[in-house]
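What follows is a set of structures for review.
Each of the next two complexes has chain A plus one more chain, namely chain B in the first and chain C in the second.
Up next, the complex of A and B:
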């Protein structure tokens, strides 16, 4: 009896999470070229330069989901990787912006900036470079 | 700085919540402050020597006392200065148990960097040497999957940092990124009771990255003097790799070193771990072996030992981890085995030490 109640509760939680998880897209400036999922992972894990990645607030739902889907890593792993880059004087982690509107604004203003936002937040000021699902 | 003061600083950083959500506290548009540290305790059941966190430490756990915080505890602070137009600088100060037996802070990084392009930069000043895959971040426990870099791999090279100039060049060939580094300069490293000085230091290093796989190779050469002996030559070649798709990892590193006076050294390790939520259990096998038959020093088995390690990293809170590590070290020489100091007359080749390490790592 207890087990089935627990399973029902778990299913409910999972269903709710499924409904609430919104699709995330990688966005670039309308003037920018194409970008692959491998390039995104390299940029956000500090393995390559060239473009400037920007972040959503660390620990926010979209941040956690983005890193899981784009790099296969959780917050602690990402933190450990960037700590290594930081404390060997090789660079600073991506700049953190407060929300999707700010990310969109930064990407729209600079063809070298890459960001990620909810699919529903996309408008004509930016271009979807890659859907993440 | 003494140990109690260092612990007090570290604990107040942890308690008073100076651990924001990411490394780096922007002070203004030019300066970012960050820091890291480890609070560790090590137990060793071997009474005939002290187990240390690296061969430069004058004492540790086992003979002097059963439990010791000295092998792994450290505290570091860093300022990154970005002046724009490609000009930046970094200063890192670290306090850990040093050859003098205290926690006097020292400069680990202090250099200015000029980036000609996003792929080509030159640095002037002090850097940690990229001799091993993880040597440049070995003091930052949070960046390691284990409590510490295996002592054996660190043993072959006396120098940890270089003062001079280096050039960093990034080459992209399709999906492969190569980070090339050429460094010229000199070095000095304080040992318990003596100073190791190196000049004409040249380091070549190449890190190849292909997705989740990376390979690191390096070569180092210098002329050194140690404890008043005549100048001699030192060379070292190293090769390591890591494959880390996120849910598990495998990594290994190796090096072969030659000192004119001390002979040759060969060290390597292999390690793997699995990520299960916030827990990452791991295992390491590491070995140091001196293959020279008759070096001028007369020490034919300097540093020899083998270690089997099992442990777990637990990422229990943001920017914090806890590690528990169990090790069985086989002592293969009485000439300064890599992990030990203060060898007692009762020590024998073939002795085993069981070592337990506890550590909390943090970054802010």
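Up next, the complex of A and C:
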């Protein structure tokens, strides 16, 4: 019992450290224009359209981290918000993509797409619109 | 006939109500009732309105929710049918991923799709369903047995992350059971549209199965699943469908709500929307409290206001009553004062006049006599002037009281004004009664009065007239009583007189005299005549006496004996006396300036003059104004006057002497004063009364008396003057007894100024009295 708790704690610390070490960046197509933090928040909360946001898998670490940093909301709040929009027929939540590679692929293919990946995953195919801290 | 008394009673009742103590509370009650009635009515209306609005709103929200739920359900069913179709078409594997790639599956956020084989094992799913086999689930088993869409349940309790499974049966090519396709939806999703701004914190939004079990319900932020309710009672009957939903109790949480429910067409589900009564009415409740507070404040206001107004009205009524009472009192007083004398309380002139007329009528009717007695206090003016008005008033009051004590109840005593009183004796048995009463009055008046601490005596003069012989009407009777009174005064005062015809003339004359006298001074009708006083040895003029004469244009020469008493009585003597002194002094000074020898001049002084408070002042100013030497002025005072109040006399005489004026005692021998008294006074001259001189040559005892008096005068070292010498014999006697001066007709009658001056000028040192009477009377030039 004690050892599993201890290892969980260790993992948590590592995870936290890992997350801290792993910065998230918002990426756009290299041809796309600049984008502000407010715009990102509005996009991912369904308050405005224009661009096409994409999500990482719901409930994943990066998903939770992104929403927290970009919109200041936790997963329950995000879910409730998007449920409401979806239920009342006012919109669709961002499409879920399986991983950062898929995100990069989607962003590179379409100048309207916006996504988020680990900073370390950034390459020449995409442009960093905004680092999140 | 019956209406009459009824109307009366009604009018009286209304009148009573109109009184302040009933009216104002009544008004207050009416106002309060109106206000509270309106307020409570308003509250009731507002509540009904709010209830109506809530019911309607719940109906509206139901409509919206229905549309949303139907859309979602249709999408779910579409997905189920799509997967079923694709799977049945293409086989078991890869269906979901293919559909997903084409974007044909609902969003991952809320939905997940899965396929289970005929054994219940999950072969595909968009997200991990958390279990490998669903064989145990009722939604699996149901599909194995049936074929329509089935909606699973969640366990009873808080919903949390629970997901609702929607399933359809998968068929093999031959129609056998081939497994199920499952779409799970976050239960919370179905109530994610809960709008707290419309539904409040205690409204309800929920999905039920046709089995009566809640799949999910939400109130505020809390979501629950699994409660069972009475499904049949929830849904409206066909006639209730269009009507407003009533308030009902939610059995799952005990809240009263306006709830609407509806079955979803094509699905084994129903929706429920409810608005909590307390919440919906909360605003109205607040407002109601506001209204009630205002009504309460208004009530207090009304009560206070009506209390205040009532009080004011009552006070007004009180003050009106008081005012009318005081007016009445005032009116009574005025009436009393109109008919009564303020000082004595006796009836006044106007009342007496009325009374007299009345009594005369009565006397005429019953053939009776009546008497009117006018009463005047003698020398009242002197008392008033010397002692002051307070003493005068006291005297009048006391007189009024004493007079009332002299008469019967049926008689009347009245005060006509000043010192005039009148007594009315209406039921005269005989003339004697009037006389008896008059006598009694005189006696009573004659008793001493105590005024300002001292004792004084007064007397009265009474004049009586009798009806019908002395007059038949008010004016005549009063006039004749007045005339009788004047006669009483003329008769020496302190007596009563009955009216008689012959009095009329005298009295008229007297009245004329008095009024003429008032104007005599200003009309310059007075003159001074001078009578020479001769020295007994040398026969020369040693001095003179100034005597007052009155030349009236109509009455002619009025003798002092006629007018002096009137002047004394009326007080006119004072200004007349001043004129006399002034004229005498001026004349003396004028003669001295002409070179005539300075002679003493004597002026008579009356009691009234003597007691005048300004006597010394006036004399001093006259002496100064005229430049007269005081030693040449001699004032003659009657002996009786001097001894009336010895101390007072002494004081005044001392004052006169300090001015340098000489004092002479007039009418000496008539006053019964002792030598001792005389010695106290600072006297310069004694004038022997003419009555003694007249007796000189008669019986020897009278001669002896005159002798004694001369001796008395001489013993006092005073100049002795004999008055009223008329015969030679008298003159001889007097000379023999060494009287100093003679004065009298024998030698000279009083002459006017210019004649007297001639007399003085004509005087030679050697003139003697031994000439003929004629010679002396007509002295040589």
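Things to note:
We take it that the second predicted complex is superposed on the first by the 113 of 133 C-alpha atoms of A that agree within 3 Å, B and C clash if a C-alpha of one lies under 4 Å from a C-alpha of the other, contacts with A are read in each partner's own complex, and residues count from 1 in each chain.
We adopt the following convention: a residue touches a chain if its C-beta (ideal position, glycine included) is under 8 Å from a C-beta of that chain, and two chains touch if they have at least 3 such contacts.
Keep in mind that this is a model prediction, so the values were computed, not measured.
When both complexes are superposed on chain A, chain B and chain C end up clashing with one another. When the two complexes are overlaid on their common chain A, residue A:41 makes contact with chain B while staying clear of chain C.
Look at A:122: by the touch rule set out above, it reaches neither chain B nor chain C. In the superposition on chain A, A:64 makes contact with neither chain B nor chain C. By the touch criterion stated above, A:50 is placed in contact with chain B alone, chain C being left untouched. When the two structures are aligned on the shared chain, A:72 is found in touch with chain B, with no touch to chain C.
Once the two complexes are laid over each other on the shared chain, residue contacts for A:84 go to chain B and to chain C alike. Once chain A of one complex is fitted onto chain A of the other, the partner contacts of A:96 extend to both chain B and chain C.
Annotation for chain A, partner touching more residues between chain B and chain C: B.
In the overlay built on chain A, none of the stretches 115-123, 151-159 or 205-213 of chain B clash with chain C except 151-159. Touching of chain A by both chain B and chain C, each in its own complex, is seen for residues 57-58, 79-80, 82-84, 86-89, 92-93, 96. Across the complex, chain A meets chain B through its residues 38, 41-42, 47-50, 57-59, 71-77, 79-84, 86-89, 92-93, 96. Chain C makes touch with chain A in their complex at residues 68, 71-72, 103, 107-110, 186, 188-190, 192-193. Those residues of chain A that touch chain C in the shared complex are 57-58, 79-80, 82-84, 86-89, 92-93, 95-96. Remark: chain B residues 21-24, 32, 34, 36, 76, 78, 80, 90, 92, 109, 111, 113, 118-119, 123, 127-128, 136-137, 139-140, 142-143, 170, 172, 175, 177, 209, 211, 245-247, 275, 278, 315, 318-319, 321, 363 touch chain A in the complex.
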